[in-house]
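Two complexes are shown next, each including chain A; its partner changes from chain B in the first to chain C in the second.
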Partner chain A sequence: MSLQSSFIQIFISHIKREFLINFRSLVDVISIISFMILIVILFVLGIGPFEEKLRLVSNAIFWIGLILAIIPSLEKTLQRDYDNGWLDQTITSPTPMEIILLSKSLAYWLIVIIPLIISLPLFIVLLDINLKLIPWLLISILVGGLSISLIGIIGSALTLGAKRGNILLPILIIPLIIPILIFGVGVSEAVRINESPVGNLFLLIGFTLIYLVISPFISAFLIRIAISR
Partner chain B sequence: MFDWLANPNRFNRISEKMQPCILLIAIITLISGLYFGLFDSPKDYQQGDAVRIMYVHVPSAWLASFLYFSLAISCVFYLVWKHPLADLISSAIAPIGALFSALTLVTGSLWGKPMWGTWWVWDARLTSMLVLFFFYLGYILLSNAFERKIDGSKTASVLAIVGLINLPIVKFSVDWWHTLHQPASIIKIGGPSIDDKMLLPLILMIFALSFFSLYMIILNVKTKLIEKKCEALLLKANLEEISKAG
Partner chain C sequence: MIYLQNVTIKRGSKIVFYNWSAKIENSKITIISGKNGAGKSTLLRTIAGMIPLEKGKIKNYNNEIFKDQIKWGQNLIYIDSKNGLSKDLTVYENLKTWSEMRGWNTSDNDLQKALDSVEMLNHKNLYVSQCSEGLKKRAALSRLYLSLLFDVEFWLLDEPTNELDQKSIILFNKLIQRFLENKGTVLLACHELKLFDLNYELLNLDLLKK
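So, the complex of A and B:
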């Protein structure tokens, strides 16, 4: 078997592993969605039930809810494997850590995005999102969700073994996520005011591609630092 | 060359000689810059006396971004060549950079009150300076978040480098966001051409604050070196005691 195909196999088996861990219990998945619904409720209660006002900010609320709902569960993605020694084991295996981390972030992306897409109709009803927005919203959360999970893996690796890592993580990664919020909201905002959303979408894709390239290397580097202590 | 500079004793010896000169330059340029800036420069035809805030605001904005750049560069040196001095330098730069970015925000909002009528505008420049401040804050928090100092330094160095990659993107995206939402309505400080009488104090102040922060960084690094020496001596004394008792 060639080296390349064995890497692909390892890649797929790691994604399977993450899926099994997360979907067996379903606790993480349910908590992400319910947390997001609660954030939306908080926003609506804070703004007031005025339809015109809500329609102006519904895209922003959706994206902020998405980002805030993803962040708390990020800390656990690597910390759990670090605590039970899984990371120490895998770092001694011949598979590069970068591939494992790439599969981890892709798995995390799917784990977050699948329930989100299933529950998207709920948010469309709750936030009164225009129906013509839906395909663009779908594409932008697919792309944006990928870059959030790629950045999240970096954040998770940064706070590995840190004191108060769960408080530190949002402070570290929210500044990194700002461009995703801007371009992601930009896509749906452009559709809402009848402009072409392609520019924003391409910028979002470009940003995601940058992180797709650098994120596995940075987080692998960080994990080697964390393991060496 | 960096190997040569990385020796802490040599650093101490060289900085001992350089420090008074740097301080002298900083004081001279600060006094002359403040004199030219506050008394001997024309009022702006639109902004009046409030334009004088610029002589502090622009140098600190410049320094805040420059210091972040040098922070990240020294983090690269630390990670690649593992010079302990590089780590001390970057941890010395961080609080000073954070201070300058905070100063930029404060002076900017002091200037904004009479000019724009509000303390804060969600302008692209202001927002990216605020984000820069949070990058500094993240670096400082992360480098102190570990049991062992060295883990914090390494991890925070990676964060600083990620920040360096990300800052242009943030800057660009905030610009984009701003232009998308409302057209540029803000008067550019000084406009496209700046009077020589205003340029002189501005340059003097940039020099003054740069040399002042260089002085502070060297002072900070020296303090940290002494701290490390104290720790080593304490450790040695403890070991000797233990070996005597044993």
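So, the complex of A and C:
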């Protein structure tokens, strides 16, 4: 009877759980995207009717909008499961915490990225993004988005149980996100001035891989501390 | 048999147990009693592996339990007042995701039976956010039935009867009885001792700590 499933099956089933929870109450997903749209609109209106000016900064606005829109929702990724006792259940189970956290950050990445890609045409129109940039923009937000969610899990684990976690969290994670912003914008900027974006893209992928390796271990360690309190 | 050997347990900066030894018998219920703040939950959470030991050892027979956390995790179920239910999922989905998280391949039939064992089958499609506290507790306790199928040896339960009505307590007693027949060990923190019509060992923290 005791047919045990492999870590990969556990991993996939946990991603399914996250999807079920997040897409049932669409509030979080919609708030991320609509917040991002608002930030972008504010920038566009602030710059005024100067196409040239907008083109110079459009990539940066897109990335800053993405980062600012994601940050408020990051805190909840672990806080909810901490409050309802799910993390207690995972820590007293035979499944390593690291696997649960890796699946959590991948799930969060997909949950943010899918609506973002659907709403991408809107941003292209708003920011007057050149069509030849779009494939590169898509690749860089796919890779960079994964980084941001991996960093976000670390920040979320760090502020578990802390009062005012929502203020503490951005202060802690924005320094880690800076390289992602620089190289993410760098990819699109290189294409815009007709240079090869490959170098920036590889650096972006490199950073993502580093975070992919360290994030689950660091956050699992932090969660154990939070739970033992 | 779980042996606690000269354990010192701290919660924050407060020492809850100092150089304390005890043993917990196998295939029996041990009820941990004591006044509020005596350390019932701390003791359970320590044995479950959530609070690290300051000093001392906890052994299951001759094996130190925290040497192999994965193996220890296979052996125990821990349920406390937080229940570990996501309020955006239904009762059934919560049980399913929980068993998948532990790596158990449970059939739909097993899950139905588990819910039936605590008479939650009628409420299986109810969202946890709509459940009363008693229903939530029963949904959490349905995991105990699944653990009977998967060779779990220990149940660590922190005040499981608080929200339960008379009928649910009878169902809960039945689950415990089945577990004891399977050579399982129950460790239970509880105030009301008269709820259990089974023989139990008593671990009174008020007496032991003096």
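Just so it is clear, the second predicted complex is superposed on the first by the 224 of 229 C-alpha atoms of A that agree within 3 Å, B and C clash if a C-alpha of one lies under 4 Å from a C-alpha of the other, contacts with A are read in each partner's own complex, and residues count from 1 in each chain.
Note that in this section contacts are C-beta pairs under 8 Å (C-beta built on N, C-alpha and C of every residue); 3 or more make two chains touch, one makes a residue touch a chain.
Predicted, not measured: the structure shown is a model, and the values here were computed from it.
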_Taking the superposition on A as described, I'd like to know which of chain B and chain C A:R229 touches: first, second, both or neither._
both
*In the superposed arrangement, which partner chain does A:N84 touch: chain B (first), chain C (second), both, or neither?*
second
*For A:N194, decide between first (touching chain B), second (touching chain C), both and neither.*
neither
*State whether A:I218 touches chain B only (first), chain C only (second), both chains, or neither.*
first
*Is A:S93 contacted by the first partner chain B, the second partner chain C, both or neither?*
second
*asked:* Going by the contact rule set out at the top, does A:L172 touch chain B (first), chain C (second), both, or neither?
replied: first
*Can you list the residues of chain A that meet both chain B and chain C?*
229
*Give every residue of chain B touching chain A within the complex, in rising order.*
131, 134-135, 137-138, 141-142, 145-148, 151, 154-155, 158-159, 162-163, 165-166, 169-170, 172-174, 176-177, 180
_Looking at the complex, which residues from chain A come into contact with chain B?_
154, 158-159, 161-165, 168, 171-172, 174-176, 178-179, 182-183, 186, 189, 203, 207, 210, 214, 218, 221-222, 225-226, 229
*In the complex with chain C, residue positions of chain A that touch it*: 1-7, 9-10, 13-14, 16-17, 20-21, 24-25, 80-81, 83-86, 88-96, 100, 227-229
*Across the complex, what residues on chain C touch chain A?*
11-12, 48-52, 70-71, 73-74, 76-78, 80, 82-89, 93, 97-98, 100-105, 149-151, 156
